[in-house]
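The two complexes that follow have subunit A in common; it is paired with subunit B in the first and with subunit C in the second.
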Partner chain A sequence: MQEILTRLGRHSLLRGASLLLTVLIAIYLTVVIANWGGAMDDARRAQIRFDVTQQIYANPEYFQLPQSELQRLVDERSEAQIRIEGLDRPFIERSLRYTRNAITLNLGRSEHIMGDTGSRMVRNILLDRLPSTLLLIATAELLLFFLALFGALFLSRRYGSFLDRLTIGLAPTSAAPAWFYGLFLILIFAAVLRVLPWGGMTEAPPPRDTLGYALSLLRHLILPVSAVIIGAIFSSIYSWRTFFLMYSSEDYVELAKAKGLSSRAIERRYILRPTMPPILTSFLLMLITMWMGAIVLETVFNWPGIGRLYYQAIQVYDTPIIVGVVVIFGYLLAVTVFLLDFMYAALDPRVRLSMGGGRR
Partner chain B sequence: MKQKSEPATHGRPSPARTAGPILRVEDLSLYFRASVGIVRAVERVSFELERGRSLTIVGESGCGKTSLARAILRLLPRNIDTYRGRVFLNGTDVMKLSDERFRQDIRWKQMSLVSQAAMNSLNPVVKVGQQVAEPLLLDHHMSKEKAFTRAREVFQTVGIPSDFLNRYAFELSGGMRQRTILAMALVTSPSLVILDEPTSALDVLTQANIMNTLKGIKQELGLSFVLITHDIATSSELADEVLCMYAGQLVEHSKAERFYREPLHPYARKLMASVPTLRVDKKPEFITGQPPSLLNPPTGCRFAARCDKRFDRCQEEPPLFQHGDETVKCWLYENA
Partner chain C sequence: MKTLRELRQYPSAVAGLVIVAIFVVIAIYTVIALPYNEAIRLWRAGPGVWDNNARRAPPVWFDWFTSDRLPRTTIIPLDQATMTVEPIGGGMQRVEIAFDFDYLYDRFPKEMTVFVEAQLATARGSMSVHWRKPDGETITLVEGHEIRAASSYRVSQDMNLRAALGVTPHMGLFAQDLGVPADDMKLLRGDYQMLLRTELPEGDVFLERTRLVVFGQVEGYAGTDHQRRDIIVALLWGTPIALLFGIVAAVGAQVSTFVLAGIGTWFGGKLNAIFHRLTELNMILPFLAILIMFAHFYSRTIWTILGLVILLNIFSASMKTYHAMFLQAKELPYIEAAKAYGAGNFRIIFRYLLPRALPILLPQFVMIIPSFVFLEATLAVLGLGDPILPTWGKVINDAQSNSAMYMGQYYWMVLPAGLLMTIGLGFALVGFALDRVFNPRLRTM
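Presenting the complex of A and B:
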């Protein structure tokens, strides 16, 4: 047991380190791209020079000074400002510094967008918005996972039935993204039936008591969560049911049956357990696209998460916010992969063995 | 009916438990539905097996050997068309039991299966010890501790170090996996073990090893075996009796001494002649033609088309003739 834990620990560390490296590279690339490969810094230098020149030439104290002296002052002060901002260093050093700032979300002040609390610090704005996104996506994905899992298990027992064929027929509906169904849901339940809110996270103003707040939140969660589920459930059930069918024709399932195990025990230990790794993989792929899907979904449902923030930031070219959101998405992806990788190892001894290296 | 009230005792099966044969099969048929029609995999097979003896079922691929085993074990696929006949195990007609009763009282309590240990006869994500002890833990018949002690015992019986209990299937070699499956079949001390091609995925040395183990177990525990194989040479090691199948039907049921020396049915003779031997200088023969399709088997004797001894009677289907101790489905023995 101890050895397994040690191995799991070592594996997690290795995995975590390699994921971190991936995220670092991704963020570095983002920084370089956002800087247009240093062109933005050149522009910034020119901007500083322009501002300083304006300041000096507009300053009445310097009216008497000769032209050469003025020019010297301009040079001196711009150089000082450029040095303060670190723009005199080579680009490679600057980009590394920006990357360090980005991964610590130390991105200074936003250019246009103000956070819900009135703060203009990029870090505060991002961290204010993050929980809403996590709440929405985690709720939707967890529900989707268990619904699809039990749906798939149910259908694998009723192979060829009407429900089975119906699900297969509906599987192509998952080609459309969640927000597409979101539009219809809003149309039906908010515009026509008027039973559920159009969007947002709570009523405005938010209820003051905890219970009221929770209920309001729940009511606002129904439509976006349903949109996510409708957008993915049929193809998930379809593909997972196929996994179950494939794995339930394995020889060991037949042998388990011959052993006199009850069908519940067979299903749990001989079908569900061995099928979990491929199911988790397909779920992981779905989750990764879901984080990206949050951008439009949150915009459609007016959900105050980082997806919508990203959309707003792009509209007004708020570079620090854009970089910040990309960094957060990078972290989310890494954490998702890490968690599922960990579960994968816990479920499949073959993975467990290959990852730690060496036999027990 | 005595066994019904007896929840897995896991002691040795006492031969005196019930008088009479351990297994009697009467008119057992199993037909499958396929897209092109009905496949008659097993057709009206009858035989008896005395307690403590072992029966080998031989025949070429597709002759219904495995389907016969499946029919006895009631391990049926979805596309069953006909499944009828009577199977008496220790005197009880198990075909009359409900699925649930069959599961609880027959499977692994009285009858167990050793399947071919290809890569996937063991669950890849459950430790083999757990899988071997599992039948004992069913319905909480036994404490976990006792079950694992028993599992360790059977691991020793089949020749696996007992620390292998904590391994996974992928950490075992093919031979070890086969032994594990054998251990699994013995763990509840059933009175009948059905072995379905237990050695065909293994190399010759391992095959011989497993066969020796089986022989040892048979002598020591006094079990009854039904061994299904197409490997006639290896099967001779273990057989007391041989049942030869052709195109879904039983064609000969003989004592082993007779069958391996001089079988009665022309098909069985051809089959034996196709086995290469080491000491006797003879050329292995082959059987011309193909076995008939089980979709639409010919009327009359099914082997007639490939038989060099056929005569007019062969257009009618022969019944089973008694010839001394042997049973044979061939007109040649009508007056014998």
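Presenting the complex of A and C:
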């Protein structure tokens, strides 16, 4: 046991390190793309010039100076500040500097958007919005995972039944993304029936008491979460059920049956266990698309998470926020891959045994 | 050929093929019947292009589902109006234009406007507008309204008239009785007349585009949007764009992944390792976010986006699936035989290795098309659609940003969304069936 744990630990460390490197490269690429046409530089320069102009025009000492003199001062000081911040350095150096800032989310102040607390620091704004996204996606994905898992198990037992064929028939519906079903859900439940809210996270103003707040949150969660689930559940059930069927025709399952084990025990020990790695892989791929899907889903549902923040930032051309959100998404994807990889290792005995190098 | 015959056994596949075929026919029809430049001109909605359309009106077939007869847009052009010209001395003439029309619908019109186009010697003249109801009651709508070479009198937006009538003018003018609240107002059906009266220097003439438009409650086969554009233009042109975007992106992304996976697996070693690392990197790259960032900073043109989509999808997760496939195929005896007769690396890859895994590629390829079609819509919904092309996604975006659902204009969102869903379903049905034809192991499941 001890040995397995150390191996698992070492494996995770190695994977974590390699993922971190990947994230670094991904963020570097993001910075390069964002600054390809000089957008980040321009944003920074404009900010510096603005700040300097403000300072000079607000300074009583300079009130008497003629316009041309003031302009010269602005130019001079902006140039100096630009040199201090290294904006005149070659691109490679600048991009590395930006990458370092991006990784630590040290992206300075946003250009237009303000956080809930009134802060203009990009990091604060991002961290303000992150929990809403996590809540939405985690709720939806957890529900989806267990619903699909039990649905698939259930159907694999009733192979060929009407329900089974219905699910297969519905599997192509997953071609549409979650926001798309969201539109229809809003149409039905908010516009026509008027039983559920159009969007947002709580009523406005939010209820004061904890219970009221929680209930309001739950009510607002129903539609977006259902949209995610409808958008993915049928194809997941379909493909997972196929995994179950494939593994339940293995010899060792037949043997277990012959030994007279209960069907529950067989399912848990001999079917669920070996099918977990491919199921987790497919779940991981789904989760990755879902993080991205949050951008539109939150926009459609007015959900105050980072996806909607991204949309808002694009509307008002807020470059620091845009880069910040892409970085956060990079982190989220990396953490997802890491977690799933860890579970994968913990579940699959082959991975466990081939790890650690010593035995190879 | 054999595949097609096998596909016929699946009703769902046949349905899918029919759907796809219908969309292809629509696409071809659109490109021929409504040329690209014309579509763009229409969608840009310059002045005068959509003047005769009601704003935000549902499609005409809504009428089939209501017991009332919903008003269509009635246009009375100058040559159907009676014009009397009478000299009054001093080089002046009195011109009267009477627009007569029967209003036989069950609901009030949506709006009413008189468009006046004239050739005037002086820069401007003025006119008075009078209204006669079927019961003979006459109302003066406006006196001294300015006319120029091209001008209009928007009856529905006349604030003075509204104040005088107590309700929106296009309701009050068609009502039986003005003394009741707006909700109880009854429509008076029959023969209405609008009279324009003006005095102009002799030689001034009204042009034939002068007309009275009584806007209906329904308009066109797909309804109209906030700019009075007929949504059918976008629905039609969205079809070739969706098909082209979906198929080109799928070909570009899947085939390149497939070929690269083949090459990587065959040569193995460093090349393969690089491909694998790139695939893992690509997995962590926030694809949609980067795409949006790119569209925002550089170009929203659909072709640029298409190129970037392909580029970002070359090292997609399918690389791993194909790799696993090729790894098995690589060891097969017939490859060994090819090596023995001295076939070159690329000959083996393209003639022997890749065809082996085609059964995996083809269903994947067909099934991935809808996701690219939806990707275009996703960008459009975020307001990052192509700046000039009319697409389904852009219609949804317009509907969203103009609160169509909140105001009950469901057609505006449901029609483009329905088309998206149908095209997606068509490709998905074919893909699923292909998967079962090519991978018989699934068929027994």
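The definition used in the following text is that the second predicted complex is superposed on the first by the 315 of 360 C-alpha atoms of A that agree within 3 Å, B and C clash if a C-alpha of one lies under 4 Å from a C-alpha of the other, contacts with A are read in each partner's own complex, and residues count from 1 in each chain.
Everything that follows uses one rule, which is that a contact is a pair of C-beta atoms (placed from the backbone, for glycine too) under 8 Å apart; a residue touches a chain by one contact, two chains touch by 3 or more.
Since this is a predicted model, take the numbers as computed values, not measurements.
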Partners on subunit A (subunit B, subunit C) - clash or fit: fit
Contacts of A:Leu65 with subunit B and subunit C, given as first, second, both or neither: neither
Partner chain in contact with A:Ala34 - subunit B first, subunit C second, else both or neither: second
First (subunit B), second (subunit C), both or neither touched by A:Leu347: first
Partner chain(s) touched by A:Leu245 [first = subunit B, second = subunit C, both, neither]: second
Which of subunit B and subunit C A:Gly260 touches, first, second, both or neither: first
Angle at the Cα centre of subunit A, taken between the Cα centres of subunit B and subunit C once the superposition is applied, in steps of 10 degrees: 100
Which partner reaches more residues of subunit A (counting touched residues only), subunit B or subunit C: C
Which superposed partner A:Tyr270 touches (first subunit B, second subunit C, both, neither): first
Distance of closest approach, subunit C and subunit B, by C-alpha atoms in Å: 12
Those residues of subunit A which subunit B touches in one complex and subunit C touches in the other: 159
Contact footprint of subunit A on subunit B as seen in their complex: 73, 75, 78, 103-104, 106-109, 112-113, 115-116, 118, 120-126, 134-135, 138, 168, 170-171, 181, 184
Residues of subunit A that touch subunit C when the two form their complex: 19, 22-23, 25-26, 29-30, 33-34, 36-37, 39, 159, 168-169, 171-177, 179-180, 183-184, 186-187, 190-192, 198, 242, 245-246, 285, 288, 291-293, 295-296, 299-300, 310-311, 314-315, 317, 322-323, 325-326, 329-330, 333-334, 337
Sites on subunit A touched by subunit B in the complex: 159, 250-252, 254-262, 265, 269-270, 273-274, 347-350, 353
Residues of subunit C touching subunit A in the complex: 12, 280-281, 283-290, 292-294, 296-298, 317, 367, 370-371, 374, 377-378, 381-384, 396, 400, 405-406, 408, 410, 413-414, 417, 420-421, 424-425, 427-429, 431-432, 442, 445
